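Note that chain A is present in both complexes that follow, paired respectively with chain B and with chain C.
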Partner chain A sequence: MTPSIPDDSRTETLEFLLAIADDEYFTGHRLGMWLAVSPTLEEDNALTSIAQDELGHARLWYDVVADERSTTTDDLAIGRGHDDRRNSILVEREHHDFADAIVRSYLYDRAELLFLESIRDGDVEALADTASVALNEEPFHREHAAKWLEVLHATDEGTERLERAFETNLEAASDLFAFEESQQDALVDAGVLARSPDELAETWETEVTKTLSELPIDVDSQAVADAVSNSPSTNGRRGEHTDEFPAVLEEMEPATIDQI
Partner chain B sequence: MTDASIPDPRQQLETAPAEERAVWDALLTVEDPELPVSIVDLGLVYDVSLEGGHATVEMTLTYSGCPAREMIVDDVERAVTSVSGVDSVEVDLVYSPPWSTDHITDVGRDELSEWGLALPEKSSTSGAACTQ
Partner chain C sequence: MELEERIAEGQTIEPTDDLTDEYERLVSRIVQFTANSELIGAFTERPMIERAPNYHRKLALLAKNQDEIGHALMQYRIAEDLGRDREQMLEDLLDGKVGYGSSMQFPVDDWIELTAFTCLTDGAAMILQHSLLQTSYGPYARVMRRICREEEFHLRHGRDLLREYATGTRAQQEAMQEAVDRWWPRGMLFFGPTDDEQSDAALRMYDLGIRTKSNDELRQDYLDFWVPKLDELGLEIPDDKLEYDEEAGEWSYTEPSMEMLEKIRTEGGPAGQRRLDERRRVFDDTKWVRDALAAHNDRATNRIGDNLDATAD
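Right after this comes the complex of A and B.
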């Protein structure tokens, strides 16, 4: 174990942590939009509670980077522009319907779990402990998505919506693990990650394929394989984003005094 | 993880030098805004130091998205600043080691029990209480 981030991989590590933080931040922001419009009152509570957790986790990682770069958490969370953002495009688009929100959460939560476990099992103590804090707050997110996946296919309409949500989101998930090879090597060599994003992608593919095989819905397993093997046409890990992204950045900008 | 590295807060309090003891005593008066239990007995305070009138409180939160974060930090600053011999205070929020219910003192467990909150038995590994 080393107490803090090794100097020779500092840049790659902080860029990676910003990607993880941005994932959490936009996930939380999008989930928060379900308040008062979700299918039931209990879902209002559940989705916004999950949103609050994810924003808390974003803050954990932004705090780490802010300390290292002598900047502030707000500057990192709110002040960074389009090209500096490193979140996967999976989490940035508007939720189309409730099935979309659930499928998105399911796909993202599986990836988030793998990233956090890889950091927890790494050699950098401060990061491993931070990952443990986040991991302790995650199990009910996965239970929530899993329960809804079991329920939503009960009607033809639900089945169709789930299938559509998987198709769209699997396509958007292809940048989840698409970090540059040189960055992946640096993270593993430095002990920041116990397993590289490429290895995590394989586990993710196996798990998602298994879940889909257990659901009575029709989604081609090739779509899962494509998600991890195809080179993403838009890669959020490189600062590339969808045409829905500028609007979400704009609505997050703090209001100025004369707007209030 | 490094759970065992944080000694029982009540022991830290009792063995602290007189000046630092006063800071610990002030922290005992700060409650979690959502629970009528001191942040010391919740095991949130990891370390207290006092040098030349400058107090540093190293502490954590029960939950990373804690909406009461600013309120707790303000309460801690106010309580510690009121201690004689303290000119300034710095609150250092840390997440290493991760907090778990294992950090709650026996006093804290009794108080939570009075309020009808049942805690899992203390576990030997960090975080296990949250995932059982």
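Right after this comes the complex of A and C.
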């Protein structure tokens, strides 16, 4: 074990952690916006709990990067423009409906878990400890998504909405693990990650395929394979984002007097 | 002993007691009003979560409003235990059949407005909630104990924001004062009509111990609480009649405008209908989820039934 981030892979590591932090930030943000508008009050409560967890995780990683770069978490989380963001495009769009929120959470949670475990099992102690903290809260998120995947197909409309949500989200998921080869090598060589994103993508594909095979809905399993094998046309890990993204960030600009 | 005699003796009434129709109806009525206010309050503050000035505030506002949703939920459950249907209660709110705090009918478009809203509207609701700790209906009193505990944190959050802006840049100070000018009368209005204008239903609520303080008494408590706190921060209260009468031991103030209250009741405030329409739209948009949940639960119940049948064979 090494106590902190090795110097020779510092740039790649911080860029990777920012990507993870941005993923968590937009996921938490989107889920939080279901407050007071979700299908039930019980669900408002559940989604805002998860939102707070994810925003909390994002802050853990922003804090690490902020320390290393002598900047602040607010500047990283709130102050960065769309070109600097490294989140997957999966998490950046507004939720189209509740099925979209659930399916996206499910697909993202599977990936998040794999990233966190890979950091936890890595050699960099400070990062492994942080990952362990975040991992503590993940079981509840998984149970929550799993429960709704079971519930929503109980009606024809729910089934159709689930199918559509899987189709659109699997398309947007192809950049989840699409980090540059050189960055992947640097992360594994430095011991930041125990397993490379390419390896994690294989596990993700197996797990998602299995979940889909157990659900009575009609989604082509090729869509999952495509998500991990096709190279993304828009890759958030390289700072490429959807056309809607600048507007998303604009809506999130602080509404305070100093900004007027 | 009859219900009213027990109440007069200060006994707590429980759901298992022999409740009169009137008592049930009046408890449900105030519970729905306070539950609705929590839900619409969270709905009002929601857009500001997205537009928080920093990470700390964003998380704090999200956590606060999660509490408010929890408060709404606990109170709707009290009404459910009295036989009210949740879906119907939400329909009644969205159709304007059962009201919510009148000061939640005004727009909140930035964090300074939010601060005034939080302090002077939530702050008014808190005064009402404290008085309900003494309500005769046991379940409501117990829920209020929990709500009042959590509202202490919300109050701290609100006063922290108030201090930040009231002692911030000159532009912030001015904007904060202007917001207080706008929200002060709305806070006073929150408590409803003056005592000599109260409805028969309101009067019966005192008889039955459901409420223990009148609207004007609550306004006195509100002034006791907020006047020194605004003074301390150099914020002026826009009421030239406001004065503490040492001899009488109470505040004199400009009576809240009954015309304005009537206008809000009949026509709604400037943001009231828009908010209800928006909330109605998301209620309708998410109906398919509640339908799926009901179908899923039916299936689960049937499976249990089938298994029981199988066991019986």
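Note that in this section the second predicted complex is superposed on the first by the 256 of 260 C-alpha atoms of A that agree within 3 Å, B and C clash if a C-alpha of one lies under 4 Å from a C-alpha of the other, contacts with A are read in each partner's own complex, and residues count from 1 in each chain.
Methods note: a contact is a pair of C-beta atoms (placed from the backbone, for glycine too) under 8 Å apart; a residue touches a chain by one contact, two chains touch by 3 or more.
Note that this is a predicted model, so its numbers are computed, not measured.
A.B. asks: Classify the contacts of A:Val37 with the two partner chains as first (chain B alone), second (chain C alone), both, or neither.
C.D. replies: Touch status of A:Val37: second partner only.
A.B. asks: So, A:Ser213: does it touch chain B (first), chain C (second), both, or neither?
C.D. replies: Touch status of A:Ser213: no partner.
A.B. asks: When the two structures are laid over each other on chain A, which of chain B and chain C touches more residues of chain A?
C.D. replies: C
A.B. asks: Identify the partner contact of A:Thr73: answer first if only chain B is touched, second if only chain C is, both if each is, neither if none is.
C.D. replies: second
A.B. asks: Identify the partner contact of A:Arg59: answer first if only chain B is touched, second if only chain C is, both if each is, neither if none is.
C.D. replies: It touches chain B and chain C both.
A.B. asks: Contacts for A:Glu125 in the overlay, against chain B (first) and chain C (second): which applies, first, second, both or neither?
C.D. replies: After superposition on chain A, A:Glu125 lies in contact with chain B alone.
A.B. asks: Check the residue A:Ala134 against both partner chains and state whether it touches chain B (first), chain C (second), both, or neither.
C.D. replies: A:Ala134: touches chain B, not chain C.
A.B. asks: What residues on chain A does chain C touch that chain B touches too?
C.D. replies: Touching chain B and chain C on chain A: residues 52, 55-56, 59.
A.B. asks: Spell out the part of chain B that touches chain A in their complex, as residue ranges.
C.D. replies: Within the complex, chain B touches chain A at residues 1-2, 63-67, 93, 95-100, 126-127, 130-131.
A.B. asks: Any idea which chain C residues touch chain A in the complex?
C.D. replies: 39, 42-43, 46, 48-55, 58-59, 62-63, 65-66, 69-70, 72-73, 76, 109-112, 165, 168-169, 171-172, 175, 279, 282, 285-286, 288-293, 295-296, 299
A.B. asks: Inside the complex, what are the residues of chain A that reach chain C?
C.D. replies: Interface residues on chain A, with respect to chain C: 29, 32-33, 35-42, 44-45, 48-49, 51-52, 55-56, 59, 62, 73-74, 77-78, 97-98, 150-155, 157-158, 161, 251-258, 260.
A.B. asks: Where on chain A does chain B make contact in their complex?
C.D. replies: Touch residues, chain A against chain B: 52-57, 59-60, 63, 125-126, 128-130, 132-137, 139.
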